[in-house]
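Take a look at the structures below.
One chain, chain A, appears in both complexes that follow, with chain B as partner in the first and chain C in the second.
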Partner chain A sequence: MSILKLEGLSKSFGGLKALRDVSIEVSELEFLGIIGPNGAGKTTLFSNIAGQLTPTSGRVVFDDTDITGWSADRVAKAGLVRTFQLMRPFESMTVLDNVAIASHQKIRSSRQARNHAADVIERVGLGEYMEKMSGTLPTAGLKRLELARALALEPKVLLLDEVLAGLVPTERAPIIELLREIHQGGVTTLFVEHIMAAVMALSERLLVMHEGTPLMIGDPQEVVNDPTVIEAYLGEDY
Partner chain B sequence: MVKILIFAIMAVGWNIMSGYGGMFSFGHAAFFGIGAYSVAYLLSAHGLNPWFGMLFGAMLAAIVGTVFAFLCLRYKLEGSYFALATFAFAQMFFLLTENLEFLNRTEGINIPILQDDSWLMMQFHPTSYNYYWIGLFLLVAAVAVSIWFVHSRPGRFTTAIRDDEVAAESLGIAVLRHRLITVALSCAITAIAGGFYTQYYMFVGPNQGFGMQVSVDAIVPAVIGGVGTIWGPLIGAVVVGGLSETIADLVRNPPAGLEFLQGLSGLDVAIYAILLIIIVVFLPKGIYGTIRERLRK
Partner chain C sequence: MSKTTNFSPEQTSAHPPLLKRRQTRIILATIAVAVLLVAGVYLLGGQPTRLVNQALISGVLLGGVYALVSLGLTLIFGVLHIVNFAQGAMLTLSMYTVFMLSTQAGLNPYLAAVLTIPIMFAFGWAFQAGIMNRVMGDTSHERPLLVTLGLSLLIINGLLMAFGGRPAAVESPLAGSISLFGTLVDRPRLIACLGALVVGALLTLVLRKTPLGLAIRAVAANDTGAALVGVNVKRIYAMTFGLGAVCVAVAGGLMAPFTSLIPTAGEQFTTLAFVIVVLGGLGSIPGALVGGLIVGLVQTVGSLYLPGGGSLLLVFVLFLLVLFLRPQGLFGAKQ
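Up next, the complex of A and B:
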């Protein structure tokens, strides 16, 4: 059963067509990797699904509901949550309060929201930083915080935008493990990433975006060995 | 002393919208004036008691502020452009009042003086401590409301929006709605300060209500004390209020050796300016804000 369906999704900025006729279906509990050269429209795709941008044409269907053009807060509340490539912590707050903001969406009581947030923070391995100001976290900590806030909303679908960017290899492994746990905990995941080792380790299917449109989608091994995909990345001469 | 209380209530109100909400207002005179004129007009023209006038003024200011902020935010007027719009908005009220017959144009409105003290009409002998108690009560109430707000669900969402609007929205927070709640609360508190001002001075004119100086008076205590903190505006109001009274004394009766200060008007403004520069350079988060930050480290 498909939980997220994109039908002919397009987005233009003036004359620039950032997304062209994107149609894909994501099955429930799937882990879909998304790769593509810079400027291929990966982040734009997320923004059009999650409501930061409104598509020029086409439809986004989430959980059998047409959510095209919904505001970002409404999409998030419905259970489709994205993270950002550049980390965006609420810097005047502690780690706990950052996550409690998200927990508060479903829980009215402030004490219960904080308890809920504390559980999520433990889960992503930030327990020792709970009461620290979020601005003082190192990059890897901020990435976990970004994940914790998203998880606190108890999403059905997660859109992860380059969670591993900016991390050194030793920091990546535990986060990859965490992503696997989150997915196995019952969250459909769309995963935009440049680190191919992570993409290949996690993805069940792989989508290649090129110039705003899907170039290929399918089994990760087959996709990365396909001549047209290699050409898109490296140019015709290869 | 009462003047300090009025400064403090205004600053507490301003701080909710501009400190916690991150929407810098350079035009809180608009809402102070709405409060001040509501009391003055309803009392002088219709004999309604000032308690009701303050409540009415607070509601009117909240509605006017919300409509104004809605239009600004709807059309993405943000940052310094938003601040400029608030300034223009307050000036608009200033000019409007100067030309409205029923508000007595540039003459302003005098509160009819009663023979006896009256709690209902909030009028006492000028030396009465009752003004002080009422001001203190209003200030305590304003601070209590702001503490409650900051720790409430909408208050926390508001702070999140200030820190990062895009992140807040993507976590399910309805940005516009929470911003408008913040504006409404801030305007209402500022209007109450205005209403009390009218009762204390028994007079309000366009300058006292909607003048640019009023907007500055709402900002300066909060900036000196610490923007976006609960106690900052109070500390700032004590500093600014205390300073303004000391300077007024100094200009009236300068001590031996400083006779040249006699009757020197504008000295207070000059000293505010110097103080502001010192604060911004050495304590960019204000007195309280800086101390709190040091303690946390």
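Up next, the complex of A and C:
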């Protein structure tokens, strides 16, 4: 059963067509990797799904509901949550407060929301930073915080935009493990990433975007071994 | 990473936090300068001690009310990043609301002031939700700014049409003076200052402790991030404008008994509140409180030497001095 369906999604900025007729279906509990060169429209795709941008044409259907043109907060509350490549923490607030805001969208009681937030923070491994100002976290900590805020909304679908960017290789492994746990906990995941080792380790299907449109989608091994994909999008280093 | 900074190098933000925890040094420095200046006035000022006492107490009372008006302005700026040019006119509107409720409906002015709170909240909320949210976009900060200017003109001229330009007055049932530290203190002014402090404390509590406050601080820090975690940013904008209006509602309600009521009565407060807010740091709540007290004190103590409008001159000299030494304001974030 598909939980997220894109039907002919297009987005133009003036004369520039950032997305052209994107139609894909994502099955429930799937882990879909998304790759493509810079400017292929990966982030624009996420923004049009999650409500930061409104599509020029086409439809976004999430959990059998047409959510095309919904505002970002409404999409997030419905259970379709994205993260940004550049993190958006509330710097002058504690880690706990950062996550509690998300918990409050689901839970009315202040105490329960804080307990819920604390559980999520423990889960992503930030327990010892609970009362620290989020602005003082190192990059890897901010990535975990971004994930915690997303998880606190109890998402059905996560759109992860380059969560591994800016991390050194030793920091990546635990985050990759965390992503695997989140996915296995029952969250459908769309994963935009440049780090191919992570993409290949996690993805069940792989989508290649090129000039705003899907070039190929399918089994990750088959996709990365496809001659056109190798030639045009992975370059010589893969 | 150093503990004194809330900002990591790659995540610089131009928006100061509404409430900030580590500001002890600035507070101590401000107090030290203030104490030195006051001591200077007492010892070398050449004025009778009794007069200086009187000026200090008046200054604190005046400053409390200034702080409340500025609190609304800084809250709105901190969250919406817009200077509300209608702050003064909204103050006047609150005073006329109290005037109407007390003279037409015969209510006690202080009860009328309490009733003005929900009225002004609804006014601010509706203005933001109905008009401002439509003109606020990513592209332009001028449009919403001009809309607040328009609202200001609308209110002032609407009041002129309805009430004319002749001064009106609200009679306080608590008029009179009490003796404090050997000086006479006007009771309505004392009540106004205490009321301002109570509302300031309540507002801080709301921002620190409630889910709404959490959401408001989140939007102030990063509106994109707030929407990402499910916060309805436009709703928070409307609530914030409503709370900003509540500040002037309380200030207006409490000031009405000792203000000569004309449709432009609040106008000077737009400028003064702006000076206070920039002095304290745009978007900072402690900044507005401290700034209000400083300006109040400078104005009253200054009037010992420069009677009449001359004391305002000192306020602006101080303003320029602070801008020169600390451009981000006393409690503002470095940009």
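Here are a few things to note about the model shown:
Following the convention adopted for this analysis, the second predicted complex is superposed on the first by the 233 of 238 C-alpha atoms of A that agree within 3 Å, B and C clash if a C-alpha of one lies under 4 Å from a C-alpha of the other, contacts with A are read in each partner's own complex, and residues count from 1 in each chain.
The rule is simple: a contact is a pair of C-beta atoms (placed from the backbone, for glycine too) under 8 Å apart; a residue touches a chain by one contact, two chains touch by 3 or more.
Please read all numbers here as calculations on a predicted model, not as lab measurements.
Considered on the superposed chain A, chain B and chain C are sterically incompatible, since they clash.
In the superposed pair of complexes, A:Asp73 makes contact with chain B and with chain C alike. Contacts of A:Ser23 after superposition: neither chain B nor chain C is touched. Comparing chain C and chain B on the residues of chain A they touch gives the larger count to C. In the superposition on chain A, A:Gln52 makes contact with both chain B and chain C.
When both complexes are overlaid on chain A, the residue A:His104 reaches chain B and chain C alike.
By the touch criterion stated above, A:Leu137 is placed in contact with chain C alone, chain B being left untouched. Common to the chain B-facing and chain C-facing surfaces of chain A are residues 51-52, 71-74, 76-77, 81-82, 84, 88-93, 97, 100-102, 104-105, 110, 133, 149-150, 153.
Of all the residues in chain A, the ones that touch chain B in their complex are 50-52, 71-74, 76-77, 81-82, 84, 88-93, 97, 100-102, 104-105, 108, 110, 133, 149-150, 153. Touching chain A in their complex are the following residues of chain C: 1, 3, 5-8, 10-11, 13, 17-20, 210-211, 214-215, 217-218, 221-222, 224-234. By the touch criterion stated above, chain A contacts chain C in their complex at residues 51-52, 71-74, 76-77, 81-84, 87-93, 97-98, 100-102, 104-105, 110, 113, 133, 135-139, 142, 149-150, 152-153. The residues of chain B lying in touch with chain A in their complex are 151-153, 156-157, 159-160, 162-164, 166-175, 228, 296.
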